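Each of the two complexes below includes chain A, the first together with chain B, the second together with chain C.
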Partner chain A sequence: MSGGVETVRFTLNGVEREAPKGMLLIDAARLHGVDIPRYCSHPGLKPEGNCRMCVVEIEKMPKLQTSCTTPVQEGMVVHTESERVLEERRRVMEFLLVNHPIDCPICDQAGECMLQEYYMRHDLQPSRVELEEKIHKPKRVDLGPLVVLDAERCVLCSRCVRFCRDVAGVEELAIKNRGGHAEITAFPGRRLENPYSGNVIDICPVGALTSRDFRFKVRVWFLKTAESVCPGCERGCSIHIEQYQNEVQRIRPRENLRVNRYWICDFGRLDYRWINENRLLSAEGPSGRLRPEEADREAARLLREAKAPLLVASPRMSNESLFALRLFREKALPEARIAGGSFREPWEGDAILKRPDRNPNRRGMETLGLAGGPEEALRAGPDLVLVIENDLLGDRPEAKELLTGKKVIVLASNRDATASAAGLRVPVATYAETEGSWTNFEGITQTFHPVLRPVGDSRSVAEALAGIAAALGADLGPVDAGTLRAAVLREAPQLDPARGREEDGRVG
Partner chain B sequence: MNAPERWYLIEVLRGMGVSLRHLVRNIFHQDEMPTLQYPEEKRILPERFRGRHRLMKREDGTPRCTACFCCQTACPADCISIEAGEREDGGEKVAVRFDINILRCVFCGFCVEACPCDAIRMDTGKYELADDRREKLIYDIDFLLNR
Partner chain C sequence: MIAETRVITARMNDTDSHTLEGARAAGGYDAARKAFAMEPEAVTALVKESGLRGRGGAGFPCGLKWSFLRKERDVTYLCVNADESEPGTFKDRLILERDPHLLIEGILIACRAIRCAHAYLYIRGEFDLPYRRIRDAAAEAYRAGLLGPDAAGSGHPIDLTIHRGAGAYICGEETGLLNSLEGRKGQPRIKPPFPTDAGLFGKPTVINNVETLANLPFILTSGAEAYRAHGTEKSPGTRLFGVSGHVERPGLFELAMGVPMRALIEDLCGGVRGGKRLKAVIPGGSSTPVLTAEEAMAVTLDFESVQEAGSMLGSAGVIVMDETTDMVKALDVLIRFYAHESCGQCTPCREGVIWIARTLHKIAEGRGGRADLEKLEDLAHGITGNTICVFSDAAAMPVLSFLSKFRGEFEARVSGAGREGAA
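After this line comes the complex of A and B, so read on.
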């Protein structure tokens, strides 16, 4: 504890500890590796203290206290594992499970359910309630476009209600009825349809809120996860990409207090199907499929023959790919013009996360000196255009004349409109298959890591460029992400992913 | 190796002698012969013999399997593949595809142990699983439910 933060000393399970003044006990304990079980408390939501799972014993206080609502005080003596606390947890568990259905084989939350985990850790007792006595509630409620509710499984922690009210800023959910009959519901005439609604699926500690998109697709224990960044907009929210059988199955937010806190928007959550579908699997020229070496030779021939070639960079490319493109021009094609920019029309941003610019790396592209409006450059009359990860015809069909009469080579991951119209298309890997970094509008650089094997013949953009350069007789040197990043940082140290990370110590 | 062993013909003759001894013995003591007249005669299997799998149905005839994937998770041979789907008649989940690749199965019974719904059993006592095409040895959900 340093840097002017006032700290207090307290005793946690017999050991003297320090914590910042005013911190909630549940967080102060976690700071020292003591995990207090919880349902209703979530670091992104205001404390409420309704589930009673987090109770602890504090000396000189006659009753047990909820650690999620009690700030740590100087000299406090806290026990989180005393017999009295453990007994209380068992009782809370039993209470929560009174009407809970035995649904684990069906429930999508199995494997990441806090009821399962705490039951194994604290309870392990048979139920004293007869199966027939359980109160039944609706099982498959259509709560909104993304979310399906199973009211029987809900533990009434109200996280979802508080998320809508406090984070998304809309009153869409509420708890109706009392006691054993209480259940989550949308307000009459309303649905859970705010643009951040998917987050309630992640924060629901049990399987009451499930994702219509992911429901029953894969069991979570089969998923493999990688840390990644959302390509949806300039914010670049931190995400987890999860794959099974080399297909993306689900995207979840990753905690990053500097960028997106705990959330992502619904667009970002669903922005993955293009990684699985409609992929360009091999290079294709006018005469059909080409092997990678043939494609490199064909691209080199076209580039060599061109009088005024134009290279178009995109703010969807990683800093590493952008640097490789610059190297490519320097070493292989010094006479070519180079321009950067997106053809994607902006959308409406909001005050929560979404930014108008729908490209994840505009800032990085500008920092690397590649901005400059591809449309003007296209109007300036090049006879050949090399387009990388940019879909002019798909994103702005009315700008079709910009490409007419020009030879077009594209490096694309998908068979999009521009790729389909191009004379030569070379497959490249998506961000989910490669390593790289993007710099968001605030100048925060984050890295993404591969979670899939590249499909078909696709290579990273840098590898594809190196291949074409080699066919042109130039050597780009090693083009792995690490080497390129080191080169980027020599020139633009502000693009370092490690910069500013120590500020709050918990982001990646 | 000693000298007579090096002459393999001698060893062959000795081996044929062993066979002859058994043959003569079996001719005179047919009741003690260890072989069965398969397929007319079949061995009586213990009750817990792990035969070919079957999928169970509930009383109303719907499959018991809720596609929980526990069997697929437990299977060491990776021979079960399941696809889950939404059930139309109620809030539940059901397997829309359930394949067992019996060519890979090692008949360990882990799938049966793992199932929380008693939906898969190996109590059919069937062990004659030969077939003439590989595809026929990937048992699908219809086969497993009805045979």
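After this line comes the complex of A and C, so read on.
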């Protein structure tokens, strides 16, 4: 242990270990690679101790103790796999399965259900339940816009209730009734509709709370996952993007204690359809569809002919793309003006995650010297504007006046308002198809990784710029994300994704 | 022939025992005034000396519990547990109905001892007359200045809030009571922290049973020695025994602890009804293990003797069963209560008690097999000691004791089903 944290020594399954003083046993064990099974315990929620799955044997204590509520103490001798412990886990599993429907083949949680997993690890016994009928509870309960409840599958761990109360700060869910008839419910006259409601789906350990958006779309074992970052606002929550057949199917939060802990907002959770839909698949000019090299030549021609070209960057571009744009101007178009910014209106932030600025990389853009605001630059009278990943017209329709009379080239992933109005549109890949990094409002830089193949003719922004530069007779050099990042860090070491990671070891 | 020892019930037979006037005529509130003339620590010391043990069921020493309060504290709460819901137990209701001022006086004394300015009385929602009586008595006490900003002329404020429960057995469990008082679902809290450290609204809190507090006026007035003159050394004082079931004269009797069970049943209750033979006795409320007739007749009514016999004095709700009792049916009814009342928080209790209840009902209806008996025992062992509170133990103990002591009846029932050996 380091960093001045007071530690205690304890014995875990016969091996002497250290842990920070006051840490709960379940976490202290995890620290040393011992995974104690759990349902009600979640690192982001206050301890509850109701599922009894995490019980451990502590020498000199007559009863088994819940490791999720017991702090580790100096000299404690803990057994997590003793006969008594394993027997109790088996019992808990047996109790949970008395009334739980065995509908794994149709349950949406199959493949990531803790009941299934722990049954394989700790139970594996034939059922002793000889009752005529299981207790039936409501199915397909409409809890809120995002969440559907199957009360029969619920193990009453109360994670969802505690999440709403303690994290989202709303009293929307409760457990009604008692004993075997207890069930999750929304408070009378209320719905589960807080802006973070989707998190209850992720933390539900079984198939009780399912995503209305994801239900029955695809079996989870077919999904491929990549670590990514939410582009929804300047918080830049760590996320997992999951795809099947090259379409994003689901976005889930990724644990990052410095940025978003274990959560994402509902907007971020659903902010993926644009990656799948309305994509710009090939370059298009006034005469129609163009092949990539034709588009590069056409862009080069327009840029060469322009008297006062303006390059407009976006706070949605990655640090690597922004750097590539600077290279482009430096090597291929030194006479061009360059500006960065967005017309995207801020929204109301909150004290949990949401930030007012709806761009993920304003800090990176500013650090790389590209801030300035597009409005002033557009009013300065350019005759040609190259807009990159920036839907100026979609974000502010009045901006049409600013573009009137100017030639417009757009590098865009989607057929958005600006792309539609442009004379030449060149497809680029989304963040889900490329590698890059964004720097959030606190200066924390995180990398995202491709989970999809770029659709159609789309390339990364850097590749597209390199193509146009080549047509202009300039060589940008290697434009892969690694090379560009190294160049970024030579100039701005504060944009290093590795910075701060060592503090908690879990930054994305 | 034994007689009752009237300490708590001394003035309960008076017509106006529930009024302030009636209480005062019999010396009511003299003890409270005496307590306010003493230092709080001295009140606690006196109660410790008396040996008063909690009457809620666990029998924990009252003064010792008070002394566990965190020393440095800004606010202290007293919670009075009047959520009397255990089948067979009906002692607190008598105090609430007949002598609510005795309880209020006990509250004042306890508040003095623990430096509490706000007591909460949590009363079972189904108690109608007891509620009206304690409510009216509190109003009288406020009007008379016994409660309020200058409680009993002490210069200290003491308020009393009466809160009616909505009908859940588990709200009589001390931390379930706290949750319910705070407006949450009545479910127990994990300990530690103990209520004396972080209880109601997170503040140090003492939770005392109605009968426990009702003993305090006598202890203050007559002293520890006079109190110890009743009962046994380890179980001093008197106890309110609520006898129900198959006796000629069921009712509530105040006896010095240590009196033989036989004397209670045969002398005070007039023996088993209709001259029938005694079959079994549950000595301390439905959650305590059942005793056979022989065991019951050998015990004396104090914490130690009943414990030595393998049961508990608990809430002193004595349930008497004669030879006509169908023990399978009796347990079936009893466990149905527990299955209904499990709060559902912990997995073993939520799922286990209801599984036990359904299996037992199957057996009671003649549809069970021999293997069901083994399973019942196994399930009862499986829910014991593995939950946040002791409710599951309370449900398991009757099962295990009925099965072990009256096994023949259970075996006869399953073999009669013609499914011998079936699970």
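Here, the second predicted complex is superposed on the first by the 505 of 508 C-alpha atoms of A that agree within 3 Å, B and C clash if a C-alpha of one lies under 4 Å from a C-alpha of the other, contacts with A are read in each partner's own complex, and residues count from 1 in each chain.
In the analysis below, a residue touches a chain if its C-beta (ideal position, glycine included) is under 8 Å from a C-beta of that chain, and two chains touch if they have at least 3 such contacts.
The structure presented is a predicted model; accordingly, all values stated were derived computationally and were not measured.
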Joint occupancy of chain A by chain B and chain C, clash or fit: fit
Partner chain in contact with A:Asp150 - chain B first, chain C second, else both or neither: first
First (chain B), second (chain C), both or neither touched by A:Trp221: first
Which superposed partner A:Arg140 touches (first chain B, second chain C, both, neither): first
Partner chain in contact with A:Gln125 - chain B first, chain C second, else both or neither: neither
Which of chain B and chain C A:Ile106 touches, first, second, both or neither: first
Angular separation of chain B and chain C about chain A, which is computed from CA centres of the superposed model and rounded to the nearest 10 °: 100
If touched residues of chain A are counted for chain B and for chain C, the larger one: C
Partner chain in contact with A:Asn278 - chain B first, chain C second, else both or neither: neither
Minimum C-alpha spacing, chains overlaid - chain B and chain C, in Å: 24
Set of chain A residues, in rising order, touched by both chain B and chain C: none
Residues of chain C touching chain A in the complex: 168, 170, 185, 190, 339-355, 358-359, 362, 372, 375, 382, 385-388, 423
Chain B residues within the chain A interface of the complex: 66-70, 73, 84-86, 90-93, 116-117
Partner chain C, residues of chain A touching it in the complex: 39, 47-53, 55, 63-64, 66, 69, 88, 91-92, 95-96, 98-99, 128-131, 135, 155-156, 158, 174-175, 177-182
Residues of chain A that touch chain B when the two form their complex: 104-106, 110, 139-140, 150, 215-217, 219, 221-222
